[in-house]
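The structure under discussion appears below in the form of C-alpha coordinates.
The chains carry the letters A, B and C, assigned in the order they are written, with residues numbered from 1 in each.
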(Lines give C-alpha, C1' and ligand atoms only; values in the text may rest on other atoms or scores of the structure.)
Protein backbone atom coordinates (compact mmCIF):
# COMPACT_ATOMS: atom_id res chain seq x y z
CA UNK A 1 0.00 0.00 0.00
CA UNK A 2 1.40 3.33 -1.18
CA UNK A 3 1.92 6.07 1.42
CA UNK A 4 -0.09 9.26 0.99
CA UNK A 5 1.30 12.28 -0.83
CA UNK A 6 -0.51 15.42 0.31
CA UNK A 7 0.16 18.90 -1.04
CA UNK A 8 -0.63 21.82 1.26
CA UNK A 9 -1.07 25.22 -0.40
CA UNK A 10 -2.20 28.70 0.56
CA UNK A 11 -1.41 32.37 -0.04
CA UNK A 12 1.41 33.90 2.02
CA UNK A 13 0.15 34.72 5.50
CA UNK A 14 -2.74 32.27 5.57
CA UNK A 15 -0.85 30.02 7.96
CA UNK A 16 -0.51 26.85 5.90
CA UNK A 17 2.92 25.99 7.27
CA UNK A 18 1.85 26.49 10.92
CA UNK A 19 -1.24 24.36 10.38
CA UNK A 20 0.84 21.62 8.77
CA UNK A 21 3.47 21.61 11.52
CA UNK A 22 0.80 21.34 14.22
CA UNK A 23 -0.93 18.50 12.38
CA UNK A 24 2.33 16.61 11.89
CA UNK A 25 3.17 17.01 15.58
CA UNK A 26 -0.25 15.65 16.60
CA UNK A 27 0.09 12.69 14.25
CA UNK A 28 3.53 11.83 15.61
CA UNK A 29 1.89 11.15 18.99
CA UNK A 30 -0.31 8.60 17.23
CA UNK A 31 2.65 6.92 15.59
CA UNK A 32 2.00 8.37 12.12
CA UNK A 33 5.20 9.97 10.87
CA UNK A 34 4.70 12.33 7.97
CA UNK A 35 7.75 13.74 6.23
CA UNK A 36 7.30 17.44 5.38
CA UNK A 37 9.16 18.90 2.43
CA UNK A 38 9.18 22.28 0.76
CA UNK A 39 9.02 22.05 -3.03
CA UNK A 40 11.38 24.99 -3.57
CA UNK A 41 13.96 23.51 -1.18
CA UNK A 42 13.96 20.16 -3.00
CA UNK A 43 14.37 21.97 -6.32
CA UNK A 44 17.36 23.86 -4.90
CA UNK A 45 18.92 20.63 -3.62
CA UNK A 46 18.54 19.00 -7.03
CA UNK A 47 20.07 22.00 -8.83
CA UNK A 48 22.93 22.20 -6.32
CA UNK A 49 23.71 18.49 -6.66
CA UNK A 50 24.06 19.09 -10.41
CA UNK A 51 26.40 22.05 -9.76
CA UNK A 52 23.97 24.37 -11.52
CA UNK A 53 23.69 26.80 -8.60
CA UNK A 54 25.45 27.61 -5.33
CA UNK A 55 22.75 29.60 -3.57
CA UNK A 56 18.97 29.95 -3.87
CA UNK A 57 19.12 33.37 -5.53
CA UNK A 58 20.68 31.77 -8.58
CA UNK A 59 17.66 29.48 -9.05
CA UNK A 60 15.56 32.07 -10.87
CA UNK A 61 18.41 32.75 -13.31
CA UNK A 62 18.33 29.21 -14.71
CA UNK A 63 17.10 29.08 -18.31
CA UNK A 64 13.47 27.91 -18.67
CA UNK A 65 14.34 24.44 -20.02
CA UNK A 66 16.76 23.73 -17.18
CA UNK A 67 14.22 25.03 -14.67
CA UNK A 68 11.60 22.68 -16.12
CA UNK A 69 13.99 19.73 -15.92
CA UNK A 70 14.88 20.57 -12.29
CA UNK A 71 11.18 20.86 -11.45
CA UNK A 72 10.51 17.42 -12.89
CA UNK A 73 13.43 15.89 -11.00
CA UNK A 74 12.23 17.49 -7.75
CA UNK A 75 8.76 16.09 -8.39
CA UNK A 76 10.15 12.60 -8.96
CA UNK A 77 12.36 12.82 -5.87
CA UNK A 78 9.40 13.77 -3.66
CA UNK A 79 7.25 11.04 -5.16
CA UNK A 80 9.97 8.48 -4.38
CA UNK A 81 10.04 9.60 -0.75
CA UNK A 82 6.58 8.07 -0.28
CA UNK A 83 8.22 4.64 -0.44
CA UNK A 84 9.38 5.23 3.15
CA UNK A 85 6.74 7.45 4.70
CA UNK A 86 3.68 9.59 3.94
CA UNK A 87 4.77 12.99 2.64
CA UNK A 88 3.39 16.52 2.88
CA UNK A 89 4.61 19.01 0.29
CA UNK A 90 4.52 22.62 1.46
CA UNK A 91 4.09 24.79 -1.64
CA UNK A 92 1.80 27.25 -3.43
CA UNK A 93 -1.09 26.61 -5.81
CA UNK A 94 -0.01 29.72 -7.72
CA UNK A 95 2.77 32.20 -7.00
CA UNK A 96 1.98 35.88 -7.54
CA UNK A 97 4.72 37.37 -9.74
CA UNK A 98 4.94 40.67 -11.66
CA UNK A 99 4.17 38.61 -14.79
CA UNK A 100 0.98 37.16 -13.25
CA UNK A 101 -0.03 34.04 -11.36
CA UNK A 102 2.56 31.33 -11.94
CA UNK A 103 1.21 27.78 -11.46
CA UNK A 104 3.11 26.10 -8.63
CA UNK A 105 2.55 22.64 -10.08
CA UNK A 106 2.56 22.81 -13.88
CA UNK A 107 1.54 19.67 -15.76
CA UNK A 108 5.04 18.18 -16.02
CA UNK A 109 5.52 18.40 -12.24
CA UNK A 110 2.11 16.85 -11.53
CA UNK A 111 2.91 13.95 -13.85
CA UNK A 112 5.90 13.14 -11.64
CA UNK A 113 4.34 13.93 -8.25
CA UNK A 114 1.08 12.06 -8.67
CA UNK A 115 -0.46 13.50 -5.45
CA UNK A 116 -3.40 12.00 -3.56
CA UNK A 117 -4.79 15.14 -1.98
CA UNK A 118 -4.33 18.86 -2.61
CA UNK A 119 -5.20 21.02 0.40
CA UNK A 120 -5.98 24.73 0.01
CA UNK A 121 -5.75 26.65 3.28
CA UNK A 122 -7.95 29.75 3.06
CA UNK A 123 -9.37 32.56 5.07
CA UNK A 124 -10.88 35.98 4.24
CA UNK A 125 -8.81 38.64 2.54
CA UNK A 126 -9.26 40.83 5.63
CA UNK A 127 -7.78 38.27 7.99
CA UNK A 128 -4.83 37.65 5.69
CA UNK A 129 -4.17 41.37 5.36
CA UNK A 130 -4.20 41.77 9.16
CA UNK A 131 -1.82 38.84 9.59
CA UNK A 132 0.56 40.27 7.01
CA UNK A 133 0.44 43.65 8.78
CA UNK A 134 1.24 41.88 12.05
CA UNK A 135 4.14 40.10 10.38
CA UNK A 136 5.85 43.42 9.97
CA UNK A 137 5.69 43.15 6.18
CA UNK A 138 6.85 46.36 4.62
CA UNK A 139 3.99 48.58 3.44
CA UNK A 140 4.98 48.55 -0.21
CA UNK A 141 4.54 44.78 -0.29
CA UNK A 142 1.00 44.87 1.02
CA UNK A 143 -1.80 43.82 -1.26
CA UNK A 144 -5.40 44.98 -0.90
CA UNK A 145 -7.97 42.48 0.38
CA UNK A 146 -9.46 42.50 -3.12
CA UNK A 147 -6.14 41.40 -4.59
CA UNK A 148 -5.72 38.72 -1.93
CA UNK A 149 -9.17 37.38 -2.76
CA UNK A 150 -8.31 37.40 -6.47
CA UNK A 151 -5.21 35.36 -5.65
CA UNK A 152 -7.27 32.87 -3.66
CA UNK A 153 -9.73 32.61 -6.56
CA UNK A 154 -6.96 31.72 -8.99
CA UNK A 155 -5.51 29.24 -6.47
CA UNK A 156 -8.81 27.36 -6.44
CA UNK A 157 -8.89 27.26 -10.25
CA UNK A 158 -5.32 25.96 -10.44
CA UNK A 159 -5.85 23.39 -7.66
CA UNK A 160 -8.98 22.00 -9.31
CA UNK A 161 -7.06 21.66 -12.58
CA UNK A 162 -4.37 19.75 -10.66
CA UNK A 163 -7.16 17.47 -9.43
CA UNK A 164 -8.56 16.83 -12.91
CA UNK A 165 -5.11 16.05 -14.31
CA UNK A 166 -4.12 13.64 -11.52
CA UNK A 167 -7.37 12.41 -9.97
CA UNK A 168 -6.37 13.95 -6.62
CA UNK A 169 -9.07 15.37 -4.37
CA UNK A 170 -9.02 19.10 -3.57
CA UNK A 171 -9.74 19.87 0.09
CA UNK A 172 -10.46 23.46 1.15
CA UNK A 173 -9.63 24.07 4.82
CA UNK A 174 -10.50 27.33 6.54
CA UNK A 175 -7.88 28.74 8.90
CA UNK A 176 -9.91 31.44 10.65
CA UNK A 177 -8.58 33.75 13.35
CA UNK A 178 -8.84 32.14 16.80
CA UNK A 179 -10.02 28.91 15.21
CA UNK A 180 -6.61 27.39 14.51
CA UNK A 181 -7.56 24.17 16.30
CA UNK A 182 -10.52 23.62 13.97
CA UNK A 183 -8.25 23.99 10.98
CA UNK A 184 -5.75 21.55 12.47
CA UNK A 185 -8.54 19.04 13.16
CA UNK A 186 -9.73 19.27 9.56
CA UNK A 187 -6.24 18.80 8.22
CA UNK A 188 -5.76 15.81 10.55
CA UNK A 189 -8.90 14.14 9.19
CA UNK A 190 -7.39 14.29 5.72
CA UNK A 191 -3.90 13.15 6.70
CA UNK A 192 -4.90 10.08 8.71
CA UNK B 1 -22.25 12.47 -38.52
CA UNK B 2 -21.45 11.62 -34.92
CA UNK B 3 -24.29 11.74 -32.38
CA UNK B 4 -23.97 14.22 -29.53
CA UNK B 5 -22.48 13.24 -26.18
CA UNK B 6 -23.73 15.62 -23.49
CA UNK B 7 -22.69 15.46 -19.83
CA UNK B 8 -25.14 16.89 -17.30
CA UNK B 9 -23.73 17.78 -13.88
CA UNK B 10 -24.88 19.54 -10.73
CA UNK B 11 -24.62 19.35 -6.95
CA UNK B 12 -27.00 16.96 -5.16
CA UNK B 13 -30.43 18.56 -4.87
CA UNK B 14 -30.08 21.01 -7.76
CA UNK B 15 -32.43 18.91 -9.87
CA UNK B 16 -30.17 17.92 -12.76
CA UNK B 17 -31.74 14.48 -13.16
CA UNK B 18 -35.31 15.85 -13.18
CA UNK B 19 -34.36 18.50 -15.73
CA UNK B 20 -32.72 15.89 -17.93
CA UNK B 21 -35.65 13.49 -17.76
CA UNK B 22 -38.11 16.24 -18.70
CA UNK B 23 -35.91 17.36 -21.62
CA UNK B 24 -35.54 13.79 -22.89
CA UNK B 25 -39.32 13.27 -22.70
CA UNK B 26 -39.95 16.48 -24.67
CA UNK B 27 -37.40 15.48 -27.33
CA UNK B 28 -38.97 12.04 -27.72
CA UNK B 29 -42.16 13.77 -28.98
CA UNK B 30 -40.03 15.39 -31.68
CA UNK B 31 -38.50 12.07 -32.69
CA UNK B 32 -35.11 12.74 -31.06
CA UNK B 33 -34.26 9.77 -28.85
CA UNK B 34 -31.51 10.47 -26.37
CA UNK B 35 -30.14 7.60 -24.33
CA UNK B 36 -29.54 8.62 -20.68
CA UNK B 37 -26.88 6.84 -18.68
CA UNK B 38 -25.48 7.28 -15.21
CA UNK B 39 -21.69 7.14 -15.12
CA UNK B 40 -21.57 5.28 -11.80
CA UNK B 41 -24.03 2.66 -13.05
CA UNK B 42 -21.97 1.97 -16.17
CA UNK B 43 -18.83 1.66 -14.03
CA UNK B 44 -20.62 -0.87 -11.83
CA UNK B 45 -21.80 -2.87 -14.86
CA UNK B 46 -18.24 -3.00 -16.21
CA UNK B 47 -16.81 -4.11 -12.85
CA UNK B 48 -19.55 -6.72 -12.43
CA UNK B 49 -18.99 -8.14 -15.92
CA UNK B 50 -15.34 -8.64 -14.93
CA UNK B 51 -16.42 -10.41 -11.70
CA UNK B 52 -14.64 -7.75 -9.64
CA UNK B 53 -17.71 -6.86 -7.56
CA UNK B 54 -21.14 -8.23 -6.78
CA UNK B 55 -22.84 -5.12 -5.42
CA UNK B 56 -22.27 -1.38 -5.65
CA UNK B 57 -20.90 -1.05 -2.12
CA UNK B 58 -17.87 -3.07 -3.18
CA UNK B 59 -16.99 -0.51 -5.86
CA UNK B 60 -15.20 1.85 -3.51
CA UNK B 61 -13.06 -0.98 -2.15
CA UNK B 62 -11.39 -1.59 -5.52
CA UNK B 63 -7.72 -0.62 -5.51
CA UNK B 64 -6.95 2.72 -7.24
CA UNK B 65 -5.42 1.19 -10.37
CA UNK B 66 -8.38 -1.13 -10.94
CA UNK B 67 -10.76 1.77 -10.31
CA UNK B 68 -8.94 3.85 -12.91
CA UNK B 69 -9.09 1.00 -15.42
CA UNK B 70 -12.83 0.52 -14.79
CA UNK B 71 -13.40 4.27 -15.18
CA UNK B 72 -11.64 4.26 -18.55
CA UNK B 73 -13.64 1.24 -19.75
CA UNK B 74 -16.90 2.90 -18.66
CA UNK B 75 -15.87 6.05 -20.55
CA UNK B 76 -15.15 4.05 -23.69
CA UNK B 77 -18.42 2.11 -23.40
CA UNK B 78 -20.45 5.34 -23.15
CA UNK B 79 -18.57 6.90 -26.04
CA UNK B 80 -19.35 3.84 -28.18
CA UNK B 81 -23.08 4.22 -27.39
CA UNK B 82 -23.12 7.38 -29.50
CA UNK B 83 -22.84 5.17 -32.59
CA UNK B 84 -26.55 4.37 -32.16
CA UNK B 85 -28.05 7.46 -30.53
CA UNK B 86 -27.20 10.76 -28.86
CA UNK B 87 -26.27 10.18 -25.22
CA UNK B 88 -26.66 12.15 -21.99
CA UNK B 89 -24.40 11.18 -19.13
CA UNK B 90 -25.82 11.96 -15.69
CA UNK B 91 -22.87 12.55 -13.36
CA UNK B 92 -21.10 15.12 -11.16
CA UNK B 93 -18.46 17.68 -12.03
CA UNK B 94 -16.89 17.03 -8.62
CA UNK B 95 -18.02 14.76 -5.80
CA UNK B 96 -17.71 16.12 -2.27
CA UNK B 97 -15.86 13.56 -0.15
CA UNK B 98 -14.23 13.77 3.30
CA UNK B 99 -10.88 13.97 1.44
CA UNK B 100 -12.06 16.95 -0.65
CA UNK B 101 -13.60 17.53 -4.07
CA UNK B 102 -13.01 14.50 -6.25
CA UNK B 103 -13.11 15.26 -9.99
CA UNK B 104 -15.95 13.29 -11.59
CA UNK B 105 -14.20 13.16 -14.95
CA UNK B 106 -10.43 12.93 -14.42
CA UNK B 107 -8.24 13.27 -17.51
CA UNK B 108 -8.14 9.56 -18.40
CA UNK B 109 -11.96 9.39 -18.44
CA UNK B 110 -12.26 12.52 -20.58
CA UNK B 111 -9.80 11.08 -23.08
CA UNK B 112 -12.18 8.15 -23.60
CA UNK B 113 -15.47 10.05 -23.39
CA UNK B 114 -14.66 12.92 -25.72
CA UNK B 115 -17.84 14.88 -24.84
CA UNK B 116 -19.38 17.64 -26.97
CA UNK B 117 -21.09 19.64 -24.24
CA UNK B 118 -20.77 19.77 -20.46
CA UNK B 119 -23.87 21.18 -18.75
CA UNK B 120 -23.71 22.55 -15.20
CA UNK B 121 -27.12 22.87 -13.57
CA UNK B 122 -26.99 25.53 -10.86
CA UNK B 123 -29.09 27.54 -8.50
CA UNK B 124 -28.43 29.53 -5.31
CA UNK B 125 -27.10 27.83 -2.20
CA UNK B 126 -30.30 28.85 -0.40
CA UNK B 127 -32.55 27.11 -2.89
CA UNK B 128 -30.46 23.96 -2.82
CA UNK B 129 -30.46 23.92 0.97
CA UNK B 130 -34.26 24.26 1.03
CA UNK B 131 -34.65 21.44 -1.51
CA UNK B 132 -32.38 19.18 0.51
CA UNK B 133 -34.39 19.99 3.66
CA UNK B 134 -37.57 19.13 1.75
CA UNK B 135 -36.00 15.87 0.61
CA UNK B 136 -36.01 14.71 4.19
CA UNK B 137 -32.20 14.56 4.23
CA UNK B 138 -30.99 13.84 7.70
CA UNK B 139 -29.75 16.93 9.54
CA UNK B 140 -26.20 15.70 9.97
CA UNK B 141 -25.81 15.54 6.20
CA UNK B 142 -26.84 19.15 5.64
CA UNK B 143 -24.26 21.59 4.36
CA UNK B 144 -24.44 25.34 4.89
CA UNK B 145 -25.32 27.52 1.90
CA UNK B 146 -21.72 28.77 1.98
CA UNK B 147 -20.44 25.23 1.57
CA UNK B 148 -22.90 24.52 -1.24
CA UNK B 149 -21.69 27.64 -3.04
CA UNK B 150 -18.08 26.58 -2.55
CA UNK B 151 -18.98 23.23 -4.11
CA UNK B 152 -20.60 24.97 -7.09
CA UNK B 153 -17.50 27.16 -7.47
CA UNK B 154 -15.24 24.12 -7.69
CA UNK B 155 -17.67 22.43 -10.10
CA UNK B 156 -17.29 25.37 -12.49
CA UNK B 157 -13.48 25.18 -12.25
CA UNK B 158 -13.48 21.44 -12.93
CA UNK B 159 -15.99 21.71 -15.80
CA UNK B 160 -13.99 24.45 -17.51
CA UNK B 161 -10.87 22.27 -17.24
CA UNK B 162 -12.85 19.43 -18.87
CA UNK B 163 -13.66 21.87 -21.67
CA UNK B 164 -10.05 22.92 -22.21
CA UNK B 165 -8.87 19.31 -22.29
CA UNK B 166 -11.52 18.10 -24.75
CA UNK B 167 -12.71 21.19 -26.63
CA UNK B 168 -16.25 20.68 -25.25
CA UNK B 169 -18.38 23.72 -24.49
CA UNK B 170 -19.49 24.36 -20.90
CA UNK B 171 -23.12 25.44 -20.58
CA UNK B 172 -24.39 26.82 -17.27
CA UNK B 173 -28.14 26.34 -16.87
CA UNK B 174 -30.05 27.85 -13.96
CA UNK B 175 -32.71 25.67 -12.35
CA UNK B 176 -34.47 28.23 -10.18
CA UNK B 177 -37.45 27.48 -7.94
CA UNK B 178 -40.74 27.71 -9.88
CA UNK B 179 -38.82 28.22 -13.12
CA UNK B 180 -38.27 24.56 -13.98
CA UNK B 181 -39.74 25.06 -17.46
CA UNK B 182 -37.14 27.73 -18.28
CA UNK B 183 -34.37 25.37 -17.27
CA UNK B 184 -35.87 22.60 -19.41
CA UNK B 185 -36.13 24.98 -22.39
CA UNK B 186 -32.47 25.95 -22.03
CA UNK B 187 -31.40 22.35 -21.80
CA UNK B 188 -33.52 21.53 -24.88
CA UNK B 189 -31.79 24.24 -26.90
CA UNK B 190 -28.46 22.57 -26.19
CA UNK B 191 -29.62 19.01 -26.85
CA UNK B 192 -31.32 19.63 -30.21
CA UNK C 1 16.80 33.96 -26.41
CA UNK C 2 13.23 33.26 -27.45
CA UNK C 3 10.93 36.24 -28.02
CA UNK C 4 7.87 36.52 -25.78
CA UNK C 5 4.51 35.12 -26.79
CA UNK C 6 1.74 36.92 -24.90
CA UNK C 7 -1.95 36.12 -25.21
CA UNK C 8 -4.39 38.94 -24.45
CA UNK C 9 -7.96 37.93 -23.66
CA UNK C 10 -11.14 39.55 -22.39
CA UNK C 11 -14.91 39.52 -22.89
CA UNK C 12 -16.31 41.58 -25.79
CA UNK C 13 -16.44 45.23 -24.79
CA UNK C 14 -13.80 45.12 -22.08
CA UNK C 15 -11.35 46.93 -24.33
CA UNK C 16 -8.59 44.36 -24.67
CA UNK C 17 -7.80 45.28 -28.27
CA UNK C 18 -7.60 49.03 -27.50
CA UNK C 19 -5.36 48.39 -24.51
CA UNK C 20 -3.09 46.18 -26.60
CA UNK C 21 -2.83 48.66 -29.45
CA UNK C 22 -1.92 51.47 -27.07
CA UNK C 23 0.71 49.34 -25.35
CA UNK C 24 2.23 48.28 -28.69
CA UNK C 25 2.38 51.91 -29.82
CA UNK C 26 4.15 52.95 -26.61
CA UNK C 27 6.65 50.10 -26.93
CA UNK C 28 7.44 51.04 -30.53
CA UNK C 29 8.80 54.36 -29.23
CA UNK C 30 11.18 52.38 -27.06
CA UNK C 31 12.33 50.24 -29.97
CA UNK C 32 10.39 47.13 -28.91
CA UNK C 33 8.37 45.94 -31.89
CA UNK C 34 5.62 43.50 -30.97
CA UNK C 35 3.71 41.81 -33.74
CA UNK C 36 -0.02 41.63 -32.98
CA UNK C 37 -2.07 38.83 -34.47
CA UNK C 38 -5.67 37.75 -34.13
CA UNK C 39 -6.05 34.00 -33.65
CA UNK C 40 -9.22 33.78 -35.77
CA UNK C 41 -7.56 35.68 -38.64
CA UNK C 42 -4.57 33.32 -38.68
CA UNK C 43 -6.93 30.33 -38.66
CA UNK C 44 -8.77 31.80 -41.64
CA UNK C 45 -5.50 32.41 -43.52
CA UNK C 46 -4.44 28.80 -42.93
CA UNK C 47 -7.80 27.42 -44.10
CA UNK C 48 -7.80 29.69 -47.16
CA UNK C 49 -4.27 28.67 -48.14
CA UNK C 50 -5.50 25.06 -48.11
CA UNK C 51 -8.48 26.01 -50.32
CA UNK C 52 -10.87 24.86 -47.60
CA UNK C 53 -12.77 28.16 -47.42
CA UNK C 54 -13.18 31.35 -49.41
CA UNK C 55 -14.63 33.65 -46.78
CA UNK C 56 -14.73 33.71 -42.96
CA UNK C 57 -18.37 32.65 -42.73
CA UNK C 58 -17.40 29.25 -44.11
CA UNK C 59 -15.01 28.66 -41.20
CA UNK C 60 -17.68 27.46 -38.80
CA UNK C 61 -18.97 24.97 -41.36
CA UNK C 62 -15.73 22.99 -41.38
CA UNK C 63 -16.09 19.55 -39.85
CA UNK C 64 -14.72 19.26 -36.29
CA UNK C 65 -11.60 17.28 -37.24
CA UNK C 66 -10.62 19.76 -39.94
CA UNK C 67 -11.28 22.66 -37.56
CA UNK C 68 -9.01 21.04 -34.98
CA UNK C 69 -6.26 20.54 -37.56
CA UNK C 70 -6.55 24.18 -38.72
CA UNK C 71 -6.43 25.37 -35.10
CA UNK C 72 -3.23 23.41 -34.51
CA UNK C 73 -1.63 24.77 -37.69
CA UNK C 74 -2.58 28.33 -36.71
CA UNK C 75 -1.04 27.75 -33.28
CA UNK C 76 2.18 26.49 -34.81
CA UNK C 77 2.30 29.38 -37.28
CA UNK C 78 1.95 31.95 -34.48
CA UNK C 79 4.56 30.19 -32.38
CA UNK C 80 6.99 30.30 -35.31
CA UNK C 81 6.48 34.07 -35.64
CA UNK C 82 8.33 34.53 -32.34
CA UNK C 83 11.54 33.67 -34.18
CA UNK C 84 11.46 37.21 -35.62
CA UNK C 85 9.73 39.33 -32.98
CA UNK C 86 7.75 39.17 -29.75
CA UNK C 87 4.10 38.39 -30.49
CA UNK C 88 0.76 39.32 -28.91
CA UNK C 89 -2.19 37.11 -29.76
CA UNK C 90 -5.53 38.87 -29.54
CA UNK C 91 -8.14 36.22 -28.68
CA UNK C 92 -10.67 35.06 -26.09
CA UNK C 93 -10.21 32.85 -23.06
CA UNK C 94 -13.67 31.42 -23.76
CA UNK C 95 -16.21 32.33 -26.43
CA UNK C 96 -19.84 32.48 -25.35
CA UNK C 97 -21.89 30.36 -27.76
CA UNK C 98 -25.47 29.02 -27.59
CA UNK C 99 -23.91 25.66 -26.68
CA UNK C 100 -21.97 27.17 -23.76
CA UNK C 101 -18.51 28.56 -23.13
CA UNK C 102 -16.14 27.33 -25.83
CA UNK C 103 -12.47 27.32 -24.74
CA UNK C 104 -10.50 29.66 -27.02
CA UNK C 105 -7.30 27.70 -26.54
CA UNK C 106 -8.08 23.99 -26.20
CA UNK C 107 -5.22 21.70 -25.21
CA UNK C 108 -4.07 20.89 -28.76
CA UNK C 109 -3.71 24.62 -29.56
CA UNK C 110 -1.81 25.31 -26.33
CA UNK C 111 0.60 22.48 -27.11
CA UNK C 112 1.55 24.30 -30.33
CA UNK C 113 1.44 27.87 -29.03
CA UNK C 114 3.45 27.42 -25.87
CA UNK C 115 2.68 30.93 -24.54
CA UNK C 116 4.71 32.77 -21.88
CA UNK C 117 1.97 34.97 -20.45
CA UNK C 118 -1.82 34.93 -20.61
CA UNK C 119 -3.39 38.32 -19.89
CA UNK C 120 -7.03 38.63 -18.84
CA UNK C 121 -8.41 42.14 -19.23
CA UNK C 122 -11.32 42.63 -16.84
CA UNK C 123 -13.64 45.20 -15.43
CA UNK C 124 -17.01 45.10 -13.64
CA UNK C 125 -20.07 43.69 -15.38
CA UNK C 126 -21.70 47.14 -15.06
CA UNK C 127 -18.91 48.91 -16.92
CA UNK C 128 -18.90 46.32 -19.67
CA UNK C 129 -22.68 46.57 -20.06
CA UNK C 130 -22.44 50.36 -20.35
CA UNK C 131 -19.69 50.10 -22.95
CA UNK C 132 -21.70 47.62 -24.97
CA UNK C 133 -24.73 49.93 -24.79
CA UNK C 134 -22.50 52.78 -26.02
CA UNK C 135 -21.26 50.60 -28.85
CA UNK C 136 -24.74 50.61 -30.30
CA UNK C 137 -25.07 46.86 -29.80
CA UNK C 138 -28.58 45.78 -30.58
CA UNK C 139 -30.70 45.21 -27.49
CA UNK C 140 -31.35 41.54 -28.16
CA UNK C 141 -27.61 40.90 -27.97
CA UNK C 142 -27.22 42.49 -24.57
CA UNK C 143 -26.34 40.28 -21.65
CA UNK C 144 -27.15 41.13 -18.04
CA UNK C 145 -24.27 42.16 -15.76
CA UNK C 146 -24.76 38.85 -13.97
CA UNK C 147 -24.17 36.95 -17.20
CA UNK C 148 -21.12 39.07 -18.04
CA UNK C 149 -19.67 38.29 -14.62
CA UNK C 150 -20.36 34.59 -15.11
CA UNK C 151 -18.47 34.81 -18.42
CA UNK C 152 -15.53 36.52 -16.69
CA UNK C 153 -15.56 33.80 -14.01
CA UNK C 154 -15.29 31.06 -16.61
CA UNK C 155 -12.57 33.00 -18.44
CA UNK C 156 -10.45 32.96 -15.28
CA UNK C 157 -10.97 29.21 -14.87
CA UNK C 158 -10.00 28.53 -18.48
CA UNK C 159 -6.98 30.86 -18.37
CA UNK C 160 -5.64 29.25 -15.19
CA UNK C 161 -5.99 25.84 -16.83
CA UNK C 162 -4.00 27.19 -19.80
CA UNK C 163 -1.33 28.23 -17.29
CA UNK C 164 -1.17 24.81 -15.63
CA UNK C 165 -0.91 23.03 -18.97
CA UNK C 166 1.84 25.28 -20.36
CA UNK C 167 3.56 26.85 -17.36
CA UNK C 168 2.51 30.33 -18.55
CA UNK C 169 1.69 33.00 -15.97
CA UNK C 170 -1.84 34.41 -15.85
CA UNK C 171 -1.96 38.19 -15.42
CA UNK C 172 -5.25 39.89 -14.57
CA UNK C 173 -5.31 43.53 -15.69
CA UNK C 174 -8.17 45.84 -14.78
CA UNK C 175 -9.38 48.19 -17.50
CA UNK C 176 -11.61 50.52 -15.47
CA UNK C 177 -13.53 53.47 -16.90
CA UNK C 178 -11.37 56.61 -17.01
CA UNK C 179 -8.35 54.58 -15.91
CA UNK C 180 -7.24 53.37 -19.34
CA UNK C 181 -3.71 54.67 -18.77
CA UNK C 182 -3.32 52.52 -15.65
CA UNK C 183 -4.36 49.44 -17.62
CA UNK C 184 -1.90 50.32 -20.38
CA UNK C 185 0.90 50.79 -17.83
CA UNK C 186 0.19 47.38 -16.31
CA UNK C 187 0.16 45.72 -19.69
CA UNK C 188 3.44 47.46 -20.57
CA UNK C 189 5.10 46.08 -17.44
CA UNK C 190 4.27 42.58 -18.62
CA UNK C 191 5.28 43.08 -22.24
CA UNK C 192 8.69 44.62 -21.60
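The rule we apply is simple: contacts are C-beta pairs under 8 Å (C-beta built on N, C-alpha and C of every residue); 3 or more make two chains touch, one makes a residue touch a chain.
This structure is a prediction, so every number in the text was calculated from the model and none was measured.
If each chain is drawn as a node and touching chains are joined, the picture has every node linked to every other. The angle of the rotation superposing chain A on chain C, based on CA atoms and rounded to the nearest 5, is 120 degrees. Chain B and chain C have Cα centroids lying 30 Å from one another. Annotation for chain C: residues touching 2 or more other chains are 157, 160-161, 165. Only residues 68, 94, 97-103, 105-108, 110, 150, 153-154, 157-158, 160-162, 165 of chain A touch chain C when the two sit together in their complex.
The residues of chain C lying in touch with chain A in their complex are 116-119, 156-157, 160-161, 163-167, 169-172, 189-190.
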